[in-house]
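What follows are several structures.
Look for subunit A in each of the two complexes below; its partner is subunit B in the first and subunit C in the second.
Moving on to the complex of A and B:
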């Protein structure tokens, strides 16, 4: 196995949504103490239920922190052309230039992210001209045409307005827009949600092809475990604003260590398996006032006293397999 | 050709229906008034001293006037003759300025109104939308809030009240602008520098009173529109894509918020033919509003009818033109 080089490291990253209601400050701890590494040339998936902090993590990593979201502590360090730089160290203009050329972003399929009164071609040109010192319009146009061709999309889309395209085609155009400047990192925020499975399959294939072609990193947020199984190399499981488990996709599906991950995997339908599926008991906790100790303990069937009192640390139980759970750690020690 | 059949022809038909119905109503309504224009004229003639008209002359005069006013025969016969005359551009003579034809009175006063009001509406539209669009995009900024407060204070002021203030300030306290008429007495229309300056000087105050109030309205509506557009997905996306702020402001926010404002502009321009009655009255501006005022106070039915028909026709035309132009502005309308 070739040596893996990190492209992004986060260290104890914390970001809260702060509100002031009736004179009392309220903090929604959407992201609390998240530490992980992302390697070059991998597809990293982030999974978890709604409201677990997936999208917040993406916003923070992409530098889109806007009030009421606030960065509280920790760091996210990118390796850009060999230099390590914190995302929080950039000024506005540097950040603007980094976007799309170094890292780009694919939003949800259901969002209307294309300007309704402007042809797709113009939208490509706007992005190209914003980031590249192209001499004239023709040059920028060539880049757009070349890119659309290389992705195997019909050239007519360039002449179209957004409302003339189908939902699937619009999402493909979004992916094409995100990759036109060959970024090193692509963030996907539920890019396949709101598409039917046939279109989903095509979009996933397109993403895979692009990743192979550009040889870059894709960070993919989705709650859809099937998409993760199909697309990702490694998965991070989030629960209530924390990263609870990170491992290779194969291991997550074969041998999940955290009780929450186990529930998540066991709830997936398997061919030939007719047993009843068990859902996670209870509801996700409020992030304004999360439970003490391990945040999963109120719903965990194995919870012990220690889980209620102390927060588990994020430990590497096997090479490349991290988990934050006392039970799993103990079991690991006994077995090891 | 499909666009001609499905888009253009239905709208032209609609235009004729609107004009027809409107003019018919204009024909019917005056016939419900208790006033008898023939009797009114005879009374007026009588009051000038011709008390002792013999019965035969009086009857003869009545016949002539009834014919002149288009009141001969049954209502249906009158209606047919009304259309016949209308299509020949004949509204009969003005009663107050007998025997000048209504057409001539209108065509003498309409250039004044068109010049004054179209300029005022356009200036107010351009300035109001420009500032409003920017203020809506930067709606959290302090200066934007200050501007809104100012606009909200100005906009409810009736434009005639504004006219009075301007007359007092610039006509009386600091007498820099003339407050009466469209031109200095004795000034002959020509393309000389002096004439144009005189024209602008006379139009300045009436125009200013309309522009100030107009800006307030356009500002507020445009600000509301653009601050909504600002939170649209495609604007957020353009920001995430690192497109420069000025491009986002004009190419994304302004462009899309202006669409409804174009419709409003067309309707305002159509309404111009009614004249700004009170403004023209205050400044003794020789436009159509002043003429309408005179027609109403003198019971000049022919002139009132003429002006009404004119304004129905012009509002309907403005709406038609904007309807036909809309597909060029908003691509989403094109293929419906």
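Moving on to the complex of A and C:
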């Protein structure tokens, strides 16, 4: 296998939502001590239930930190044209230039990114003109037409307003818009969640095609494990603001190490399998006051005394397979 | 009417008019829907289909929220589209209870959750006073694995998504319904808690004898929990039969496409074929003949001109000309 080059490294990244309620400072620890690498040319999936911090992670990585979200510590370092730069070192103008051209973002509801009163063509032109030194409108239009054609979308969409398109087509237009400047990193925040299965399949197909053609990195957040199985190369599992496991998609599905991941995988219903599935016992913890030690211990069937007292470190148990769990690392030591 | 049927939906139609009353175009959201659920044989019946297929409209008509354009719904032998008077309506509301998609929207965030439970018990005359009601409420909550002391004086945001959804179900159970209509009840619940709700539906069916109409677009959970399934497409029920048969050996081309498009939670079994998506959806609603013909690889000339009818084959009903030659008996 060729050597993998990192395009993004995060180190002990921490971001809290801080409020002042009734004179008391409250911190929602949405992202606590998250360390991982993302390589060039891979599709990296981030999974976890709602409120586990996966969207906050996206916001921080995309440079969208706004009060009450605050960066507390740690770093996220991008490799841009061979130079390593921290996302926190950029000023507004640099960030603006990087967005769409170096990294772009596909949100869940495509209506949030498309201007409802402007035709799709105009929206393409605006983005192209803001980032590229194009001489005239025709040149910009050529780029847009070329791009829409290469994605196999009908050219009529350029003349349409967003509301005239179906949900699936709108999502595909959003993806086209996000990739028109050939960014190196694409962030997708639940881009297929609101869609029907058949349309979802078309959108996943499109994302895969684009990644293959641009040879870039896709970071894909979704709670739907089946979408991860279909699309991603590696998966990071988040729980209560922490990264608890990272491994190749195959290993996550075939040999999950963290008890939480095991529950997630084993509780997936499958057609043709009527055996009883069980949910994770208990409820997700509050991030304002997370449990001591390992944050999963109140729900974990294997929890020991040490899990309540100490926080497990994020260790590489097998090559490329990271996990933060005392039970898993101990089992790993015994077996190996 | 036949008293052995819990519910019978007969030739149910709903037409919406989009645009103005005079210049608007008609959109048939539910087209000649027929389905029967037997009494004394509780089952979980899934209505599946993509958004806009009419599954929610059909469920709302059964609940009596939307009035059908034509057709009948018989509940325990009584035509519930023509209920007269308060008494009859109240009886029907007691018998058939809804569970909605987002449990946090079903409860007012500024009201304590138990107020809804007490209101239901008192308003339907299940309990005469608050003391009596608290026993009934507690019993309903216990059947969903909660208790009154757990939710007492609590606001919706203080409970987890799974707990709120279970409280919703408990509220629906207070009137001792025979039929629950659950519209996407687990799509807003976290993945780690989803299965507990579905397991609970199964328990309701076996232990309490409650039948459930489960509306979803998620065929994997439908397979896990239900006994029969109806696949809807553009207002039509295109395939209806036992879940095992429909989902493991689909006959209608649309069911086949739908099943093939579900991402499987297995990285070794990814898709290897490509699909074509519909470009403009409204066109399909207006199309003559089979609404799926445009995207169907088996489509013949007949499919574009004639409307397909139900064919009974292999223990199920399929609305497709592919099987009409082999028909054993068409619907009467």
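The working rule: the second predicted complex is superposed on the first by the 329 of 336 C-alpha atoms of A that agree within 3 Å, B and C clash if a C-alpha of one lies under 4 Å from a C-alpha of the other, contacts with A are read in each partner's own complex, and residues count from 1 in each chain.
By definition in this document, a contact is a pair of C-beta atoms (placed from the backbone, for glycine too) under 8 Å apart; a residue touches a chain by one contact, two chains touch by 3 or more.
Quick caveat, the model's predicted, so the values are computed rather than measured.
Novice: Between subunit B and subunit C, whom does A:270 touch in the aligned arrangement: first, second, both, or neither?
Specialist: Once the two structures are laid over each other on A, A:270 reaches subunit C alone.
Novice: Which chain, subunit B or subunit C, ends up touching more residues of subunit A in the combined arrangement?
Specialist: C
Novice: Please work out whether A:116 is in contact with subunit B alone, subunit C alone, both, or neither, and reply first, second, both or neither.
Specialist: Only subunit B is touched by A:116; subunit C is not.
Novice: Give one of first, second, both or neither to describe whether A:177 is in contact with subunit B, with subunit C, with both, or with none.
Specialist: Only subunit B; A:177 stays clear of subunit C.
Novice: If you stack the two complexes on chain A, which partner ends up touching A:306: first (subunit B), second (subunit C), both, or neither?
Specialist: Touch partners of A:306: none, neither subunit B nor subunit C.
Novice: Figure out whether A:205 sits in contact with subunit B (first) or subunit C (second), or with both, or with neither.
Specialist: It touches subunit C, and subunit B stays clear.
Novice: So, does A:230 touch the first partner subunit B, the second partner subunit C, both, or neither?
Specialist: In the superposition, A:230 contacts subunit C only.
Novice: Have a look at where A:134 lands relative to subunit B and subunit C in the superposition and call it first, second, both or neither.
Specialist: Neither partner.
Novice: For subunit A, give the residues common to its interface with subunit B and its interface with subunit C.
Specialist: Common to the two interfaces on subunit A: nothing.
Novice: Per the contact definition, I'd like the list of subunit A residues that touch subunit B in the complex.
Specialist: Listed in rising order, the residues are 62, 64, 95-100, 104-105, 107, 111-119, 126-127, 130-131, 161, 163-164, 177.
Novice: Which of the residues in subunit B end up touching subunit A in this complex?
Specialist: Residues in contact with subunit A: 232-234, 236-238, 240-244, 247, 251-252, 255-256, 259, 329-332, 335.
Novice: Quick one: in the complex, what on subunit A touches subunit C?
Specialist: Per the stated touch rule, the residues are 49-50, 154, 166-169, 196-202, 204-205, 223-227, 229-230, 249-250, 253, 260, 263-265, 267-272, 274, 276-280, 283-284.
Novice: Which stretch or stretches of subunit C touch subunit A in the complex?
Specialist: The touching residues are 50-51, 160-163, 190-196, 198-199, 217, 219-221, 223-224, 247-248, 257-259, 261-268, 270-271, 274-275, 277-281.
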